[in-house]
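Here the chain labels run A, B, C and D in written order, and each chain numbers its own residues starting at 1.
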Amino acid sequence: MTATQPNTTALSFECETGNYHTFCPISCVAWLYQKIEDSFFLVIGTKTCGYFLQNAMGVMIFAEPRYAMAELEEGDISAQLNDYEELKRLCLQVKRDRNPSVIVFIGTCTTEIIKMDLEGLAPRLEAELGIPIVVARANGLDYAFTQGEDTVLAAMANRCPSEAPAVKETTSEPGQGNAISRLLNFGRKQEEIVADESQYADHPPLVLFGSLPDPVVTQLTLELKKQGIKVSGWLPEKRFTELPVIEPGYYVSGVHPFLSRTATAMMRRRKCKLIGSPFPIGPDGTRAWIEKLCSVFNIEPKGLAEREAEIWASVEDYVKLVRGKSVFFMGDNLLEISLARFLARCGMTVLEIGIPYMDKRYQGAELALLEQTCHEKGTPLPKIVEKPDNHNQLQRILELEPDLVITGMAHANPLEARGIDTKWSVEFTFAQIQGFTNTRDLLELVTRPLRRNTHLKELGWDKLVKSEDAKRVTV
Amino acid sequence: MTATQPNTTALSFECETGNYHTFCPISCVAWLYQKIEDSFFLVIGTKTCGYFLQNAMGVMIFAEPRYAMAELEEGDISAQLNDYEELKRLCLQVKRDRNPSVIVFIGTCTTEIIKMDLEGLAPRLEAELGIPIVVARANGLDYAFTQGEDTVLAAMANRCPSEAPAVKETTSEPGQGNAISRLLNFGRKQEEIVADESQYADHPPLVLFGSLPDPVVTQLTLELKKQGIKVSGWLPEKRFTELPVIEPGYYVSGVHPFLSRTATAMMRRRKCKLIGSPFPIGPDGTRAWIEKLCSVFNIEPKGLAEREAEIWASVEDYVKLVRGKSVFFMGDNLLEISLARFLARCGMTVLEIGIPYMDKRYQGAELALLEQTCHEKGTPLPKIVEKPDNHNQLQRILELEPDLVITGMAHANPLEARGIDTKWSVEFTFAQIQGFTNTRDLLELVTRPLRRNTHLKELGWDKLVKSEDAKRVTV
Amino acid sequence: MKLAYWMYAGPAHIGTLRIASSFKNVHAIMHAPIGDDYFNVMRSMLERERNFTPVTTSSVDRTVLARGSQEKVVDNITRKDAEVSPDLTVLTPTCTSSILQEDLENFVERAQLTARCDVMLADVNHYRVNELQAADRTLNQIVEFYIDKARKGGTLPTGKTERPSVNIIGITSLGFHNQHDCTELKRLMADLGIEVNQVIPEKASVHHLKDLPRAWFNLVPYREVGLMTARYLEAEFGMPFVDVTPMGVVETARCIRAIQQVLNASGAAVDYEDYIDNQTRYVSQAAWFSRSIDCQNLTGKKAVVFGDNTHAIAMTKILAREMGIRVAIAGTYCKYDADWFRTQVGEFCDEVLISDDNGAVADAIARAEPAAIFGTQMERHIGKRLNIPCGVIAAPIHVQNFPIGYKPFVGYEGTNQISDLVYNSFTLGMEDHLLEIFGGHDTKEVIHKSISADSDLNWTKDALAELNKVPGFVRGKVKRNTEKFARERQLSSITIELMYAAKEAVGA
Amino acid sequence: MKLAYWMYAGPAHIGTLRIASSFKNVHAIMHAPIGDDYFNVMRSMLERERNFTPVTTSSVDRTVLARGSQEKVVDNITRKDAEVSPDLTVLTPTCTSSILQEDLENFVERAQLTARCDVMLADVNHYRVNELQAADRTLNQIVEFYIDKARKGGTLPTGKTERPSVNIIGITSLGFHNQHDCTELKRLMADLGIEVNQVIPEKASVHHLKDLPRAWFNLVPYREVGLMTARYLEAEFGMPFVDVTPMGVVETARCIRAIQQVLNASGAAVDYEDYIDNQTRYVSQAAWFSRSIDCQNLTGKKAVVFGDNTHAIAMTKILAREMGIRVAIAGTYCKYDADWFRTQVGEFCDEVLISDDNGAVADAIARAEPAAIFGTQMERHIGKRLNIPCGVIAAPIHVQNFPIGYKPFVGYEGTNQISDLVYNSFTLGMEDHLLEIFGGHDTKEVIHKSISADSDLNWTKDALAELNKVPGFVRGKVKRNTEKFARERQLSSITIELMYAAKEAVGA
């Protein structure tokens, strides 16, 4: 790609047919059951749902799975069987075999279509079985891939305690009036806590939402601590029983771009204040996120610009592989805007951002940063295509010949066979990409096809389909 | 095979060319290093010896081997290097890396040919390095396969303490004058020992020799205990540091037919009394062995005949598979006479017993029992062929068409390909075949080819070489 | 509702799509919510398919639910017709969308008005049949459609090919080792002097289906897919078919003899006995492996077999009959065809297991304590937990079941591959066998949890020490048998003496 | 003396016997003590050979030592001559008997007086060369013997075959996958329209050796065995040879191009470019595998390669050049040919290792901490200890390297097999890749002992807990890099903050 003139117009948004491939939102159980260690996820759907989890996720069979299908059979569909009794039978079995702290019902398209009243059944079951039951309608009629997590977290937000549990006063000390800090300090020695407290600025409680692997939680928490910002809790925590207290007026911030419903729930139902900002993806996004939090809490950020610059310097070897190249997002996991903004900052030209669903408000700050980044780098603004049409996209890809296509699993191999470098979008969903520390890992993923295919091209191995097949580019 | 008239002539012995295949006697390190847990075996020989151990034994590479090659190189052969210094260097390395209680030098054909004076070097090294060094000349010039163990045990017999070590008298009790019993009772509670002692008849100490897996040691010890016979020690024990005391006048008995040199060493050098008997292989041999020990100690055997009968009854399902069939031993491990006697007792006709080396004195009782068994079962006496010629044997096998050939590994597959059922002789060396308890395992081995091949024959899969190859039966 | 952690056969629409996407230039329209479209991912990732999967989702969302889907479905059919000019478009719902009970037949008729291609609704009940049954049905439906069409058009050919010929029916996309099996079957047919008239559905053109009746007979290598089509062609044209799966030396010979019979009944004069004999004894190495010392060491070892009908039956017969291995349990998840399974394996195993509940299968394996398992990926994972090796012999498929190297399961090279699989699964060979004899260096503990857990007996310290000398891979069995022996005698304490008494009495 | 636990190449007589027993109707007499005769066991058991190994031991025992062995050796030669009428009898001592320094050449002359067959003493120094060198030498010696004999007898043919033709030199008994390689090479030659004049020594008759010069060129697929013979034939008859090992897509193409050059130089006019392109892009699946998503996930992973020259060089090139895998160490035990190794792999790896000390190889692997190893059985066992998967790519051979199913390493099917081997060794695929992303359920501890053992640094409890969250298979690396980072900064305590600083700085 040759550099083109800066485009000064605003971002353009289009909407296509929605004929695109992505994973079903019930996928979220695959990472949420791992994150929340005392949970059990029960996906209430058909053989089709179960076979998806088995094949696409492929982890159901390992060790001791903490999720399962409640497979609907003909009798369930035709309403010959009683939903309450059936669910009770299965929940009892789960309780007996796994004894989780919570059962999460994952509704599916089928429960929507047969109008199974999960929200109505859950409280009765919860009361009868004595185990919390959370209902999330992670169905594919309304949601795409990663939004499954959004439905679960939005539902779980309502289960966060609204005030701190009473704490025995025997261990209480001056300066520890905030019950939450105590809650978060289990197992630490008293001296450490006092030492810790002194490092923080005095600011209203902040709760972060979004499921992240534990190391990333630690990294972001430490990053904020450097600025004197204390994270009072995460939604979700590692255990359902340790969900953070959320009181009205608390500040909240999401770490994923796909959590707009959770954000809404936090604001409308828990009366929290949402901090809108770019997401902590890439050094630029992470810096912008921290700066925004600082500004809300009236904290002067320390050394952030230097930190960002250091990180960029440390990954220059990777950045130079992508600089000046072009990238095309087919659209899959709602991380597209953040990734595009980061890659634009790396010097890539973003040709098109396909995205299943675009919440312009929740992603507002991110969109602004993307636009700003393109202006600063002098690259054209990308076209943003909501509900893309994969067939049309493939025609555009063949025409534009991007250096890298970030796409779902269904298209990666066929595109590679036609000499187009691809990266699975799903990998960004599962990899650790948040924060300063993971920049290298993020670029490792992005550059992998480029590093590999460069020398394969020297071998002349770029076109691996016969000419009659090469033409059949449709989905 | 149809039953033939009883043959009343005595056993016939022949000697052939010695052109037969068997394993090198250095093989013994493969089981002796496992048996003696604080030992290290150093095989002093060429690349040819090392490659044999690696390929035929195939266990050198696992985990932490406690045996190795001292590989002789050109400088060693041409005597440009000093044997003492070279061995010292290697022993120091072994001592540093493995810290064994004893290093066993295994001499080979090459050390014989270059006349390396291992017996002369060992005491000096032992003194300098402060670690016992035992020398065994397990070479293939003088010995066959299992006789390797014989050379090691004969050498080790000289390392058995000639009197019990002084024991602290603080724990001494009346009725425990015999230091050996104390030695053998480490770790047992006092009451148990008293109880144990009362079960034994009063007889002179008995030491058994021959390396057996621990469970078989336990079984034979218990079997003798039932008759009131106490085993004062085994050569070898599990640890070199626990070798049994041997005083002149002790009784000794071998459990393997290939230990004639060890027997001689026990008699000539340690002035023990050797109890000559059949070996405890098969219920018949085991009974005969126990009866002989009883008779030496003037003990009336209790329930032995019943015990033997019970065992036979319990394996009748296997025995009926071999009864009336014929067997041919090509000769490999010196267990042949005992196995032939056992199979004759099972009702098999033994056509030929090849055997690498025949000590008619040490195996005298076994030979007599074989002869007696054949007479009793009305089967012809086998021809015993010492130092067989495999080519000649193969011609006889083709002519006699035995139902089972017990042979070394080199011939098993080619014989099977020609429709002749075979069993590896080497398996009997490694399997647990001694005592009453292992009768079933022994027959499991013997009958395995018969059980398998019976139905393969129904499939017509007996002749699997082309006619032009079938003729080339030579070795 | 059924609590399910794993399923052996996929939903019906997967079977339909496997058939549709196997054909050349057939497009499928899946009427379903957006997340149901993972067939494309499976085909692309598992089979490492270079081409785009010809399946388009006509997505069901809230708008469609509110307004009905007819317009969208018809639009999508006509759009793809214009874009890629397929010969045939197959419409299928999924479990989910089939609940909507829309008149899809009518959508198809509507679409047919504008589409140049043929349009068809796959006719399966998504709650009553599974992937395998749906595949069998859809193949039959497509064949019948084109035979009927040709008959109506007067283009049905008459007569047979000059030389003996065959249709190979049931080779599909995402089939377990189907591509390699197909190559091997073609080689076998070439050896036998038989022309391959057509292979369906893989890479076949629907336009040629009318020529199926020109073959002398049909070969259906797999029980699961193709039999309905073969029966239809038999009923319609009197075409004989051979449905002996040529897996293993004995069954391959039986298949060839069945072919011989069919050909000779049709006027040929072939004699394949010399060919069979030569292949069996000298070309294939499997019969020789069975006779060799390596395999002798497997005699009487215990195995559990589980899979679809085709592969579980074939493996059971091979293990029991050709290798002298004891099959403790032979099982299938093809519940709908359980009678056939029983008649086939009855005489070759101790116990038959018909189940699609993976928990029940796992329990049965743990109970049987086999030396090796031959099953699906699920059983491989069960084996991992129990430390029992498992050779994978059947779908559900997995990327590892699409090897790049040539690995057929059928025909004479198939017999070689299976011999390797069996041999490697038992991890024997000289090395491991000697290791076993020596007691081995392997210190892994393999006693299954349940074995120690439910013991009500006291083991003396000495007896426990003795038990620990028993090699790990049989320790569980020794323990169990000894305890059984003790219980039968109402003894509550286990001594060394008792251990060996048990060994003598019951071979513990 | 050398303390040795394992050896990579066998003694010289094994090489001689591999050549002798490869030929049809050649008998070998081994002059050696009785225990040295295990070659027969290896051939029978490892190769599952159906025929008796044509090697007789003329045993050296005390009597022979006292009286000399001439009579016995001569008797044995003439006896076997009478019994089996070989075309040629090869006499060889072993390391052991060669010390006796008897005039074996004289024994051979004596035996030749009575024996009808040809008799020859294998001319190798048993202390200076190993199995591979001896095999190369013995093959050359036998070929030279029969060429000379024909020349003397005036029966040397003149001229070349009508169509382009080749001798394939170096296929031997007990060679690593040699039988399957030979089949694949024959198929390749058939594809190229080249007649196979002779394959030697496997199944060749010594009587036909005189016709070797009729071929247009010689193909030497393996560096270790055959090159001496090819050079002899080049010197003697000006026969060109191609010694590019056709392993991997790139080298197979290079081999074919070399053949093209040789043929065209001899007057043919062949152009194999279209063939190469078609095989590379569509027939072989290896190039496509390299490009596929499965292989993309291997990009930059670290491997160690160790083996003989042929296989270690080929694998290094394939991994580095065709798959984008980083070869941290490429090594060979062929010390005698180390220069060649260095020139071949230099640009494809970080480090070259020339050693026949398995302990040194194990240490190097532990240090490199690769994600996979490609080596011999020895490295497989090293990998077992370190919990690193290992694909076996080279001798010393093992029964598992004589698969029954077709598994060549050379040619286009070889490229497929190698792709599978690489893929399976890295145990990736969608399942494992996702497992890796998830952190996995696998709780195995894979930190190499030495890593924790020598640590002089304090890890805080929190940092240790954080370390334990790192997936097992990279935990060792993270720990080592973090500690290195701390030492460089003279910090003695490792906190979480330090851990992540290290990660940012050095990618720990």
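The working rule: a residue touches a chain if its C-beta (ideal position, glycine included) is under 8 Å from a C-beta of that chain, and two chains touch if they have at least 3 such contacts.
Fair warning: this is a prediction, and the values are worked out from it, not measured in the lab.
A count of contacting C-beta pairs for B-C and for A-C identifies A-C as the more extensively joined pair. Note: the chain lying farthest from chain C is B, by mean C-alpha position. Chain centres here are Cα averages; for chain A and chain D they lie 49 Å apart.
Look at where the CA atoms of chain A average out and do the same for chain C: the two points lie 38 Å apart. We define each chain's centre as the mean of its Cα atoms; on that basis chain A and chain B are separated by 68 Å.
Chain C has residues 45-46, 48, 50, 288, 292-293, 430-431 in contact with two or more other chains. Shown for chain B are the residues in touch with two or more other chains, namely 62-63, 409, 412-413, 417, 464. Judged by the touch criterion defined above, the protein chains form a pattern that is neither an open path, a ring nor a star, and not fully connected either.
Against chain D, the residues of chain B that register as touching in their complex are 18-26, 44-48, 50-52, 54-56, 60-63, 65, 68-74, 76-77, 81, 86-87, 89-90, 93-94, 108-110, 113-114, 139-142, 144-145, 391, 394, 408-414, 417, 464-465, 469, 472-475. Across the interface of their complex, chain B is touched by residues 1-7, 10-11, 13-14, 32-38, 40-42, 44-46, 48-62, 65, 76, 80, 83-84, 94-96, 99-100, 127-128, 130, 377-378, 381, 385, 396 of chain D. Note for the complex: chain D touches chain A at residues 249-250, 280-282, 287-288, 290-293, 295-297, 299-300, 321-322, 324, 430-431, 434-435, 437-441, 466, 469-470, 496-497, 500, 503-505, 507.
Those residues of chain B that touch chain C in the shared complex are 30-31, 34, 57-59, 62-63, 213-215, 218-219, 222, 310-311, 314, 409, 412-413, 416-417, 422, 424, 427, 430-431, 436-437, 439-440, 444, 448-449, 451-453, 455-456, 459, 461-464, 466. Within the complex, the chain C residues that touch chain D are 45-46, 48, 50, 285-286, 288-289, 292-294, 398-400, 403-407, 413, 416-417, 419-420, 423-424, 429-431.
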